[in-house]
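Here it is, the structure in full.
Per-chain numbering from 1; labels A, B, C and D assigned in written order.
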């Protein structure tokens, strides 16, 4: 093991250019993967924000008194998936409506009585924000005593779900494509660095070195390419993030997870890339 | 020239693995760039769709007769940037409003008279859809005789513009990052292939070859790496596109521009990558 | 019998035999010269012994390893017991002189201290101490050849295959090298040396195997040669 | 004077001179041997002539090119006029024998037909026709050396620098090579040949420059040697 480590570092020292180039390529590849992950994380965050807009409005019959309302509220809260419930009185509803129409006072002044019903605004837990779950909870509420009508923007939920599914699938496809491209690039590059040393490997075999003995330093080398590549990629990514946040706020950069992920992925990639590439050279 | 072409192809034949690996890396890099361009093109398309939503509504005074309205319409049309103008009568406005409120018939029935004014809906040419231009045109219309009030969703335009600017800047940053990463990867890889041939270059110099003579086949080789890489990247990209369009419709793939762009970029990249990488080897 | 060729032929290119029906036995402890013009097949014959090339037909047995039954993972073990001085040196260009010689001990997993002592010993024998931290491209042709020799000697092999080991050294150096070879031969190492250097061959009373066109044309016993000297 | 060394020293490593204060003149059309033990500096001296190494101090003039004034872009021109047989051959591993030899004409931009004719001529002289489409790793050490010789000869150089050109060939082959060299020398090419092969040096009445420890220790005129033979 000591020998392998020594060898790996000797190789870095002796072949500075190659080492530099390979780490460069690894950095670039891992950077692209990191960039993708960063975009994905923020995309998921945006999706979350959109999801907060999903809510159910339950309009109440006009004949409900305070006690009934409270009872109903408690009843609704017992439904699985309901997170929060807010009561909107007739007056509050009119107030909000007036605000919406404040640009067209003509229209507002045309309304003489308060035609709006009182309602509950019901927020759901995130995992219940699918088309099916919302529909199910809505119909449960609709069947309750004192509920006149339930509305939850069926179209909005449906569209939101479509966008989310589409976005996630597209993101996955992009991610797989980018991931494969990066793996391909890194392992090809490692193979190229091995080709520059094909002669040395040949000589080692002739002098009586076993495959494992030859292989070990190369695996370590691959590992270090990934380690350094991952580290530098993280630095560049973080730098870019800092640059972007000067203008755009609210971008998320989960340092530990992202850096950790990139570095570990890099190490595995480098190690396995080396392992696969060297096989061909070790055939006896 | 004949010699250089021969040499480049000899090199491909003699070094199948290296050639394969280099073209592979080039393909992957150009693929990533292509993917990015594809996403950008579609992003711009989505922005365009959003831009169609920008329009100015000019509410008319209640005392306008048909003649005046037509005169005003013509006058507005003379403003630079106005593309289309549609007249909405009081009745039409009420009709649309009723449709919007069809979910709350209580509210609708509370409105006895028609409080809505007649209006023009004015569409602008795309390049006038900036905050400033819209504001300017609006104020011009507002000052015309018979116009009661002009509204154009100041907030919407502002937000749209923010999103567009932000999106374009982010896209540019991403593009530059990805582009640099790809250029870095391809030129590094080409340099690695050159290192595998450092000895040969050294020998060529010792035998009396001039720099240009040594360089030419390498430049051609780089060019071909780019050419093939670009071609394969285009194929993969197109395949991916076909795959994605099975589920998602409406994605744009400007074949000629994209494929042409990738291939040309690849060729230039390969050529310049070679040119830069070989310099070091040719110092006398 | 430490090396035994049985009906060995080697075909690199169709219709042309680099080695043709070679039968040869080399005893433990022998010192034999392999003589023959350029292209006769000397290097090929040696390559077959250290199993760098496999015979097209026939069978070779080296130290109980047979070309017919040996497994890939045994080849390194064979090669640790067979020292080879390659005609083109085959030095590792990214290691200095010391490390090149040390390498053939490192592969056996020998202790660091032992390696250091042995390598310095060999460097002294070859008068290369002052070059020990230079790289192959920083030393002269003759010095490179000596390093190649050192790498083969340091592991005290059972068999030493020397392919033209004096082609790049001066007459005085050649003599020193031959003396070294005679020494380790006296200690029991079997030596097979391909050479063009008739002066050396003539001056030493060892077995001479002559090759031509891939065939063995003569095989003169050391004893008989001694008498005739 | 076709080659002139003026007070040339070469320092590779601090405090140690591979060449020390060399003064040497070689006339047009001369044939000179460079004799000396391993590490004497023969190859270094030749490298300085084809400007692969630059002298640390002093000045060398070759064919009107001076090491002090020559520009990078003139070096290829110099090298086209100076044929070099490298001690380690330096063949291009991705070209076959024919193309290796052809290469040194291709760089001059010669016509294809002319190249083909000349290369085949040289291959015939060296008896290598049957190896013309094999790659360097597919031919024997001696054959590789011959290819290296062919590459230097084919361009009919003004000056031929031969660094140990017979180290890997048999005595018969050596004689053939020497005959080739004598031939082209007779046609006017200046030859400087580094060698360890005393037999060859003794048998030929040419100038002998002896080196040791980077210095010139003796310079025996061809004429005088002729008389003493």
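Please note the rule applied: a residue touches a chain if its C-beta (ideal position, glycine included) is under 8 Å from a C-beta of that chain, and two chains touch if they have at least 3 such contacts.
For clarity, every value in this text was computed on a predicted model and none was experimentally measured.
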item: Touching both chain A and chain D (chains); value: B, C
item: Most distant chain from chain A by Cα centroid; value: D
item: Centroid distance [mean C-alpha coordinates] between chain D and chain C, Å; value: 29
item: CA centroid of chain B to CA centroid of chain C, Å; value: 67
item: Separation of chain A from chain B, taking each centre as the mean of its C-alpha atoms, in whole Å; value: 24
item: Inter-centroid spacing, chain C versus chain A (mean Cα positions, whole Å); value: 63
item: Graph class of chain-chain contacts, one of line, ring, star, complete, other; value: ring
item: Touching pairs - complete list by chain label; value: A-B, A-C, B-D, C-D
item: Contact set on chain B toward chain A in their complex; value: 17-18, 21-22, 24-25, 28-29, 31-32, 35, 39, 97, 103-104, 106-107, 109-113, 115-117, 151, 166, 169-170, 173-174, 177-178, 181-182, 184-185, 188-189, 191-193, 195-196, 240, 243-244, 247-248
item: Contact set on chain D toward chain B in their complex; value: 50, 52, 72-73, 75-80, 84, 86, 90-95, 103-104, 106-108, 151, 155
item: Of chain C, residues touching chain D in the complex; value: 12, 36-39, 42-43, 87-88, 138-143, 146, 163-164, 167-173, 196, 198-199
item: Residues of chain B touching chain D in the complex; value: 3, 10-11, 14-15, 199-200, 203-211, 213, 283-284
